[in-house]
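For reference, chains read A, B, C and D in written order, and residue numbers begin at 1 within each chain.
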Amino acid sequence: MPIPIIEYNRNLPPTWCMGCGNYAIHASLKKALSDLDIKPNGTLIAFDIGCNGNGADKINVNAFKGLHGRSIPLAIGSHLANRDMTVLADIGDGGTLHEGLDHLIQAIRGNYDITILIHNNENFALTTGQATATTDEEKGMYGLPQGRPEREINIAQLALGQNPSFFARAYSGDPLQMIEIFKSGITHKGCSVIEILQSCPTYNKEANPQWFAQRIEKLEEPIESIEEAKRISSTTEKIKTGIIYRDNSIPTFYEQVGNRKGVETQLVDEVKNYDISKLLSHLE
Amino acid sequence: MPIPIIEYNRNLPPTWCMGCGNYAIHASLKKALSDLDIKPNGTLIAFDIGCNGNGADKINVNAFKGLHGRSIPLAIGSHLANRDMTVLADIGDGGTLHEGLDHLIQAIRGNYDITILIHNNENFALTTGQATATTDEEKGMYGLPQGRPEREINIAQLALGQNPSFFARAYSGDPLQMIEIFKSGITHKGCSVIEILQSCPTYNKEANPQWFAQRIEKLEEPIESIEEAKRISSTTEKIKTGIIYRDNSIPTFYEQVGNRKGVETQLVDEVKNYDISKLLSHLE
Amino acid sequence: MSQNRIVVKFAGPSGKGINTLGKIVSKSIKNSGFYNFAYREYPSLIKGGVASYQIDIANHKIVSSSRDTDILALLTNQSKERYLEDIRENGVIIYGKDELTLTDKEKEYIEKKNLHLLSLDTTKLALDAGGTEIMANMVLLGFIWRLLSLKPKALEEVVRETFKNKDVDMEAEISCVMAGYNCELAEEKLLKPILFEPNEKLDKSLSITGNQGIALGAITAGCRAYYAYPMTPATSIFKFLGETYQETGILVKQAENEITAVQMAMGSMNMGTRAMTATSGGGFDLMSETLSCAGISEVPLVVVLAQRAGAGTGVPTWTGAGDVLLAVNAGHGEFPRCVISVSNPEDAYELTQKAFNIAEIYQLPVILLTDKQIAESIFNTDELPKPIKIERGLKVAENRYEITDDGISPRWIPSEENPVMLVSSDEHKANSQSTEDSTDVIEMSDKRMRKLETLKESLPEPKYIGNKDAEIVFVGCGSAGNAVEDILESYPNIGYLKYQYLYPLKYEKIIELHEDGARIVIVENNQNGEFAKLIKQESGFEIPERLLKYNGRPFFIEDILDFLNN
Amino acid sequence: MSQNRIVVKFAGPSGKGINTLGKIVSKSIKNSGFYNFAYREYPSLIKGGVASYQIDIANHKIVSSSRDTDILALLTNQSKERYLEDIRENGVIIYGKDELTLTDKEKEYIEKKNLHLLSLDTTKLALDAGGTEIMANMVLLGFIWRLLSLKPKALEEVVRETFKNKDVDMEAEISCVMAGYNCELAEEKLLKPILFEPNEKLDKSLSITGNQGIALGAITAGCRAYYAYPMTPATSIFKFLGETYQETGILVKQAENEITAVQMAMGSMNMGTRAMTATSGGGFDLMSETLSCAGISEVPLVVVLAQRAGAGTGVPTWTGAGDVLLAVNAGHGEFPRCVISVSNPEDAYELTQKAFNIAEIYQLPVILLTDKQIAESIFNTDELPKPIKIERGLKVAENRYEITDDGISPRWIPSEENPVMLVSSDEHKANSQSTEDSTDVIEMSDKRMRKLETLKESLPEPKYIGNKDAEIVFVGCGSAGNAVEDILESYPNIGYLKYQYLYPLKYEKIIELHEDGARIVIVENNQNGEFAKLIKQESGFEIPERLLKYNGRPFFIEDILDFLNN
């Protein structure tokens, strides 16, 4: 019997705007954990700062609400300490593509066994709607009345360009698909990057449910070839959702660490006084 | 008549190891500037910290030796202030792919009209030889006797993945080609990313001249299609050098800035007291 | 009515138009001839929670809020809790059509203070007046205006101006305002008429925030590039510069993060233009390595540090001044710097210009401290100070780092007309070449540090405000002292020693006042008395009394009065 | 022979084997039964420039260098300049086969000091002995050994051990050593025989650097993950942990930059393992936002700040202690922290363990200060102190941020056995939920800050070393005081008050000593007397005399002696 969803609830009401995609994302995450029988205390989520991160005290799992743009390395450090824990990083498009852009790339490259949920609402929402690299180029935003001068970053292109072991795209308006994607991402061994097209009715009104309905095309199966995956995820008329690419053959970071091969314990179990006398003999 | 090379010399001998690729890189850069008739005081180079940056006080141009990993945004800020100045960023593989990875991507995305010279010697040399993302995975390095656990980053893949307007690869052992590449990069309008395969006989002995000679294949012409460019630059048996990709149709950052269109002066010429009375009327 | 003010507060969930209400009232009151100060509280979320706008109205210029209000207008009844016990005797509470459930304690308070409660169904009134539901706020606006017994003309004008380019039915909006104004529920006992003599000139004076003061100062000073990453409470500088960029021609770049922003600013400054960046504490930490780089390279830099409450993410939309020691010490190694603190828009305007002059003349990083209370509150200003002449200290010479007596070396703009210029974050010789020679290192370190002495000599003494032989002298900077400034007139035994230049610090005046027998009190919006620590570190003098506040709220005048009464 | 030492220095270009020479000599001398201290200078480039290794030999344990040497061995004649005028009376200079061109000033110095110059063609001797050109250094080694009149056995053993797993012709190496040793040019007048009584136990004592002390402390303390980005002089901690990782099982991750490193460390610590990161000033700046985050979230964190000289890039391979105020103030907002300073490997070993205990018990960031001089010099240590018991202060409870009297709240390890744990960089309630309520903010800020008081009470007083009623007492921390320690025995009127715990600061002892009539002198390896500033900020007491050095060099014993003689 799966763990009842209610166990993942804290009794504090969410503070997002009405219609915000974050509601469905949180609900789907809870459902995914429950379906997978992962206990609240068997999970740790590193939350970023942003509207997304305002969910940190609304879900009953181990959580660390850290700094803006840093939830990915925070999640990695948490994961390495205890790989029995299911570790996720929860972050916005601003945190991922601006403040902490390097972390996403390094996480994919290291293929740490964590899941990264990128809430892409196409703006810096919590700071009241500035343009991010995913905002429409011409759209006038806070402080940029004529839109931003830089080109966009397509999250799929960026992630797929780094040879990820798992990349998926979900949409906050489709919780059923989202739950399945989350479950696959969490169970995938390696760094699962999940971009979530998240509605933000306050600062990204254009991308309303109709807008998405007209554009989204669900993938039934992951694409075999990464080149093809890149190609199909770059077209802008049709937005593919689903597990876009997956490669189970890439070893995880931990598997590559020479001195941890065959070690059964977790780092967190190993904190005790160590005898250094053997090491000292090198220094005599 | 081009400017004599000697004008780019400072009377301070370089401090690189014998056989270091940085000698040829500096010499080629001077030659390129001279050929292009760009005066020493018409150029500014933002130098990173690394063996590469140790060249900052050995070349007679305007220069700013700043912080490790930061020469790209430093160059961009310099460039925006005065677009009449030829601005370059000079940085190592460590600075580019580790400390300041985000800056390279954002520079390409913004397509600022600067030239970025990445000295790829496949290690953090100045700190005495740690592994970078371009070091051979299995190679034992400082503090990592069994090699690094993360996968490599291929600079060409990374750069081409961001739709650059110019990407080239040079080799420090081929100054003639390097000079031509530098000249093309400098004259290209937009962000020119030039990876230089730089020999480091001290910490990257394996990659000696023979090693390169066996692998390098020169491109005569840039590749038309970016997909093809990515493909050919990812094979590891043959390393392509030359201008790999170029797209002159991408507007530069400055061209996209709404309020600077048609402005003839440079920011540096505009420093004076401005009358704010019109603006104040909004606040009355 | 403490300190002879009338105080109106709107409270309700974020995103429900509180912000617009506050701005309209503040501006309309000014245009009606009355000084006011408008203070905003809001949560770190986009919709919901409790936000408020409070407008203090007085017959003279004021720069702080009172804690207690005369009229509290609740947009939704849920917002009552936070503010209900900060209402003055005979105060008025206006709430919506639903019943206001009160705790016993609240009831008691209401009784004790003789508060008047009124249920106003603004939605119904709006619909009745031909408006829509979302015009309910306009009804409330008109009603409040009536309670203040002001003529509707100024209000109507501001409403029209506010919605000018918006997609609204202007006439319906105005009808709603008038429906509120003419509403018969505005009984006599609810009225809080403004009885001050209106000052007609106020119509032409400014409604301006501290951040606008900084932005305007930068514009005046010839700052031509602005690089910043969004962070409350610095972001509205970006907004102002972005929205005026067609007029000013300034290059406004939303940088990809704070390190990028400050590196770009440093690059531009070195190149000879004026550039600026702004952030709050967390972003400032990220910039601190670059401060150190600018310090040793002697490249001018101006960074605005807009403080907010707390370490980490803290209480991000609330105010505080816990970064004073950070501003003075951030960045590794030892290098000269200048830390300047603003406290209101005039200051901000003037000191931002000074910051550029100091950064360029002395070739060092200047940190301009402000805080959320200054950054986002609306002040009334009759006129901004005169523009300050641009001084850049430019000089072409052979050696960029010439050793000089005053520590200031030649600096020039890289260009084809000038000699090649090398700046370096390595320790260097006079000719810019890197060095590790013992004598070189000492000489260059000494030279750099001499600039601090030269700068210190050129800085003004702190400003003493108030009666010369006051018994109690508050010492402070930033918004903390604003509440003190506001009571000086009524308390002749109080003085305020206001610091604008925090570092290098001139502390002699404090010692002097102390030796002359005054009670010295530090007033700071932080937990540990950071400015007092700085004073102690520099002078050895421990300020005997401390008035500290660190709950995210600014100093209200009652905080000062309570201190004086205890 | 100042302070009864014999001092040998090798000088030559970087990358020419100086490093190996220095290490071999230092170890062989120890194994021969003599205490020594080996100090390394090198430029920030890989090959060329001037590097040196200086070995001070004494008949008791020493922890600092002299400025002046008895024997200067030049690998190339170009290296003479820097050190030629730091040779003692009757000293010896050994140079290569080419003529040593001397300036008039140098000639005068040589004459005045009666220095002996000897040209030794080490290359030729190496070839003659059946070696290759690169074995010239081995000849030099043997020759120096002869000058010291030591038995070759210990040297030979160390040479064999050093090259054990290297691809060399071991017998040829040894022949070269012996060729140098037996070289007839070692005339009587050049000899500097070590006449101390050899101490046989020294064979079993350690040759250890400060960074090795830190690494060993971390291993002992159960640190299971190390994350760091290369930065001199912190990098050799990474090296030691990396090279021993098979034995220790520690996860050693070269992080992609400093922000990544410290975030990973914080994540691991929160999860319940022990983790550490180390960097120098510039990297520390980048970590400072995370310090603040750990501060408010109350997550334990241990960061080693290995200081070097200068702001910006500075003089990156040289020593200094200009980051004391940075360590105390870095990171925005106000939060408790602990700053600990090490000065030698024993200290480093012990204090690293303490750092973990403090970080975990008090749930705050601990900054462990060291500097290049401590980090990279080779000390002789008879034995490391006993391991310190691990104390973690773990406790499962309902509320992660329970308000307590001592400020310490329950903290537990997230696991399926324990309740869910939420930590947050937002200001929060006892149950971890974010808050902006005024009372909540005050209560939680007060609670956090109370930890500083609790911690302060638990910390030991600074260590007083030397005669109880010394006339002059130096106050300091880090390597600055090591030269003072070394002269204490011969100067009974000198004392040293050595600080290990800099923050929270216990300053009462200083005042006491001052009031007892001692001359108090701060000794610091920086320009502005940062530790003195901290003392003044906390105590109001300005230390009357300052001995500061900021040329990138450590304090030599002559620096202290010169001060005393003036």
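Just so it is clear, contacts are C-beta pairs under 8 Å (C-beta built on N, C-alpha and C of every residue); 3 or more make two chains touch, one makes a residue touch a chain.
Worth saying up front: this structure is predicted, and the values here are computed from it rather than measured.
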Centroid comparison with chain B (C-alpha atoms), farthest chain: C
Pair of chains joined by more contacts [C-beta pairs], B-D or A-D: A-D
CA centroid of chain B to CA centroid of chain C, Å: 41
Mean-CA-position distance for chain B and chain A (Å): 32
Centroid spacing, where centroids are CA-atom means, of chain B and chain D in whole angstrom: 37
Touching two or more other chains - residues of chain A: 49, 54, 65, 67, 100-102, 106, 145, 149, 257-259
Set of chain C residues in contact with two or more other chains: 43-44, 245, 252-253, 256-257, 282, 289, 293, 297, 312-313, 424-426, 434
Parts of chain C lying in touch with chain D, wherever the complex brings them together: 43-44, 280-282, 284-286, 288-289, 292-293, 295-297, 309-318, 320, 322-323, 325-326, 328-335, 424-427, 434-436, 438-439, 441-442, 445-446, 449, 526-528, 530, 533-534, 536-537, 540-542, 550-553
Complex contact set, residues of chain B against chain D: 15-18, 49, 51, 54, 65, 67-69, 98-101, 124-128, 130-131, 142-145, 148-149, 202
Residue numbers on chain B that touch chain A, as the complex places them: 100-102, 105-106, 109-111, 133, 145-147, 149-153, 157-158, 161-163, 227, 250, 253-254, 256-259
Partner chain D, residues of chain A touching it in the complex: 10, 12, 39-42, 44, 46, 49, 54, 56-57, 60-67, 70, 73-82, 85, 102-103, 106, 257-260, 263, 266-268, 270-274, 276, 278-280, 283-284
Contact set on chain D toward chain B in their complex: 15, 43-49, 229-232, 235, 238-239, 241-243, 245, 252-254, 256-258, 282, 312-313
